[in-house]
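One chain, chain A, appears in both complexes that follow, with chain B as partner in the first and chain C in the second.
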Partner chain A sequence: MVAETEPSNIETQFLLEALQRGQRTDGRGIYDYRTLKITGGSTPGLVTVQLGQTRVMARVSCTVTRPYPDRPTEGIVQFNAELSSLCAPHVDHTLRSQEVTVTRMLERVLRQSRAIDTEALCIVAGHKVWALRVDVHILDHAGNLVDAAAIAAICALRRFRRPDVTVDGETAVIHDVRDRNPVPLSIHHTPVCVSFAFFGAGELMVLDPSLLEEQSRVSWFTVTLNAHKEVCALNKAGGVPLTHEQIKRCVQIAVAKVDEINEKIQDAVNI
Partner chain B sequence: MARPDRRDPSQIRALHCVLGQLNRVDGSAQFSAGDTSVLCGVYGPVDVKLYDEKLDRAHIEVKFRPDIGVPTTKDKWVEDAVRSTFEREILGQLHPRTLVQINVQVCQGDGSVDAAAINATTLALIDAGIPLRAMVAAATCVVRSDHSIIVDPTQEEADSALSTHTFAFSNLQTNSPAYVDSRGEFSIDEYNACYDMCMAAVDRTLAFMRTVVEGKILKETQTAL
Partner chain C sequence: MADVKVVVPGDVIDTHTEEEESVLRLGPGLIQQAGKVNAIAAGVLHASSDTNHFWVVGNRRRYVPAEGEPVVGVVLGRHGEGYRVDIGSAHDALLPLLAFEGATRRNKPNLAVGATVYARVSVANEMMDPELECFNSHTGKSEGYGELTQGFTFKCSLGMARRLLNAKAPVLNALGDQVPFEAAVGVNGRVWINAGAPEKTILVVNAIKNSEYLDGKQSKQMVKELLGKQ
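Moving on to the complex of A and B:
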């Protein structure tokens, strides 16, 4: 069974000693992101993001369906993150729980932050709405899946084009994409995740953890912001507590980093 | 009847391939034919579950994942197609009691996805260094409503076809297919015509694969120097 092996004691020790000297094992600075590359496919709604060696593919698709009875004027958005078996020959429970983490983060970042205008997805209230499906496939896992998946998902949503609809009272005509140009989704803002990992008693910190750093961390903290520097979500997990100064500092670092990420996103979505 | 993208009936779409993009797998290939793009990653030979262990050869496992939604029975069919094709081609006897796992992920599907999966798998196996008896390439032909035959259909062309035929041939015995899948209503003459057209398309695909592999070896030897 090729299971996901935990890093050896020597590796973790080396990592911690290097961090105490302000150095990271891959030669980056403490607050340095790995190279971010965003590529769109020829079909709108397909985006592949590479963050260092981590590779994530997001695919957006839509179908027409009945709305939820308690929300008759809102469309439906469904997220599904999958750790592709490309990442490991036998995906064990540790990796499966990461899938769940990524899916939950996407739901918080994109749905609960009201980034997607679900009212604009309504076709005929109470009868027909658009149901969007965002499939995120993690093709290569080298740490920091959350940031990569969030960027992939929001870029795919912004590049996606749904078929145009003409509504006349209770009847709606959905135009074929060859007859009328498909239209973009209504996205209010572009949230981006910036993740930090903590080590030791919580005094050592890095931005954009690599796989080894992620496996050795004691706590993690993700700041979700948009281009207007508004904080959409804060997510802290792990046993070691953080002081409020650390939290404030992380948010400040995230505010500085979000500009670079946003520039790359803008280049990718302006097709 | 002209094709929407103005191709000749026997013309396949532009082929593109990148090897070794993924880091965790032993070998990978991103194979594209026009707008159809498939990523294949191979692990092998690796540890095998006791249940699947075979005493005299490697156990071959295939996982096929669609781009949209969760896998369904249609995807299981493609898994079976790829597995049965490559169980014969992989020299499993050299690696007994191990596992060779073939993972295929569809990035974009625009017709002829099963053929693209077989092509991507051959290239990924070569990239992983898994010993093969031969290289296998596949192509799909459809018989249209006017009984004309075209090769490498797009999804639109395949949806309106009377019958669909996928053939895979190895570069050793090109008159004996490694895989055949035919669906719909067709005559023996139509079947034979598709056979011939697919064989020609497979020859071109095999030549493309050779170029890709030669490029990889050239790059590796240059880096070594």
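Moving on to the complex of A and C:
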């Protein structure tokens, strides 16, 4: 099996030629997002997101565990992204770099931005806390996994219900979901990622790159913001340097786009 | 053929013809085992009565090479006496340096890494890596095979690629009436299109991609609407 194939010369050449005329190979505009569809079923905490042809599934589960010794009153949240060979022909199970990229982005976007209230996950300080696990499975890789994975993860977290707990001093009773309705998690805000790809010497830019655009890009930049238009994170890992004018413009575009995305998220999480 | 016969792997195919002594040609999806013909792919069984040719048409996206099929490949590197080409199959194919029209030891083609070629599968069996050729080995002429420059390639399902190979494909004809373009269709699910200007090429590529699940009439309608927006 061929590992990590580069696109052919005529594909990259054509892509650049078309971009210089302001066109994208899939007929979209430069600032157009692909169709976003969020589906949640009867299982709380299980969400599938479709962004164009990219398909991502997120699943949230929880267990009771001991907290970290330096953080006795906080719960634990773990993120895990998986790309199997089924999502794209060039993906090999030995190539971990894409999985690591997505997992790290999810950690920055959801854990470091303090979107999840980890103190609310505490049951008995120092002894028992909830440990959440967010598993993201990439089902189809057609570009821009980060945005799709972030939307899937936050929707799954907001739809998730954990068992109810009654605490009496040092003892805690965890109620079965059949006895008492499970309760939602405490989420402070809903961060959303908006990714951009750059080409040429960094002067050509597109929003929501497709797979071919992702493979041919020279630089990649993600803006993470929430519904209150607060910027939670800016992520640029390697590639051609960008001017601060470009960064400002990306943030402005992201601010304009986040409303549409957030509307779809609200529809999906308000069951 | 009046009725559509759907087969799954393991089905035994009835291949009785009028002349008992004739030679049967088994195409993709069929193998001969212990005197019987078995299907090894899921799909619709097709038979051509005048050439005694049987084959199975199924729809997948991963290509299994078969001899004689035209494919679009990307050159990965030069390897000894040939090029290593990615055609989307499990193993990369070998394209010998002399398998081009007019190629001699003194005059060999020079393909760059990442170049796109239209080739014919010359060797394909489960024991060897597939091999390609960019000419008709009997006549020595290129017959359309060779390097593809300019234009754009895209991927589609294998069933779609076979439909596109038919000269009467509705979507290609509907597009060709309005927008002149060249196309090279590989049965490995890769198609090359060149319509001159990038806008036109993008239009043709997306129209073809959209027509995957549409029938003839719907394809014509879709093309009309797409061109009407221009």
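Simple rule for what comes next: the second predicted complex is superposed on the first by the 261 of 271 C-alpha atoms of A that agree within 3 Å, B and C clash if a C-alpha of one lies under 4 Å from a C-alpha of the other, contacts with A are read in each partner's own complex, and residues count from 1 in each chain.
Everything that follows uses one rule, which is that a contact is a pair of C-beta atoms (placed from the backbone, for glycine too) under 8 Å apart; a residue touches a chain by one contact, two chains touch by 3 or more.
Just so we're clear, the structure is a prediction, and the values are computed from it rather than from any experiment.
Student: Identify whether chain B and chain C fit side by side or clash on chain A in the overlaid structures.
Tutor: clash
Student: Thinking of the overlay built on chain A, is A:Leu46 touched by chain B (first), by chain C (second), by both, or by neither?
Tutor: first
Student: First (chain B), second (chain C), both or neither: which does A:Asn80 touch?
Tutor: Touch partner of A:Asn80: chain B, not chain C.
Student: Regarding the shared-chain residue A:Ala237, is it in contact with chain B (first), chain C (second), both, or neither?
Tutor: neither
Student: In the superposed arrangement, which partner chain does A:Leu139 touch: chain B (first), chain C (second), both, or neither?
Tutor: Touch partner of A:Leu139: chain B, not chain C.
Student: Could you figure out whether chain B or chain C reaches more residues of chain A?
Tutor: Partner touching more chain A residues in the overlay: B.
Student: Touching A:Phe14, do we find chain B (first), chain C (second), both, or neither?
Tutor: Second partner only.
Student: Quick check on the superposed pair: does A:Pro89 touch chain B, chain C, both, or neither? Answer first, second, both or neither.
Tutor: both
Student: For A:Met57, decide between first (touching chain B), second (touching chain C), both and neither.
Tutor: So A:Met57 only meets chain B here.
Student: After the overlay on chain A, which stretch of chain B ends up in the same space as chain C: 127-135, 145-153 or 163-171?
Tutor: With the two structures superposed, the offending stretch of chain B is 127-135.
Student: Where on chain A do the contacts from chain B and from chain C line up?
Tutor: Residues 1-2, 89 of chain A touch both chain B and chain C.
Student: List the residues on chain A that touch chain C in their complex, please.
Tutor: On the chain A side, the touching residues are 1-2, 5-12, 14, 17-18, 21, 23-27, 89.
Student: Which residues of chain A touch chain B once you look at their complex with the stated criterion?
Tutor: Going by the criterion above, the answer is residues 1-2, 41-43, 46, 48, 53, 55, 57, 59, 61, 80, 82, 84-90, 133, 135, 137, 139-142.
Student: Write out the stretch or stretches of chain B touching chain A in their complex.
Tutor: Where chain B meets chain A, its residues are 21-25, 28, 35, 37, 39, 41, 43, 46-47, 49, 63, 65, 67-70, 99, 101, 103, 105, 107-108, 110.
Student: Enumerate the contact residues on chain C facing chain A in the complex.
Tutor: Touching chain A: residues 62, 74, 76, 86, 88, 90, 92, 112, 114-116, 148-153, 192, 198-199, 201-203, 205-206 of chain C.
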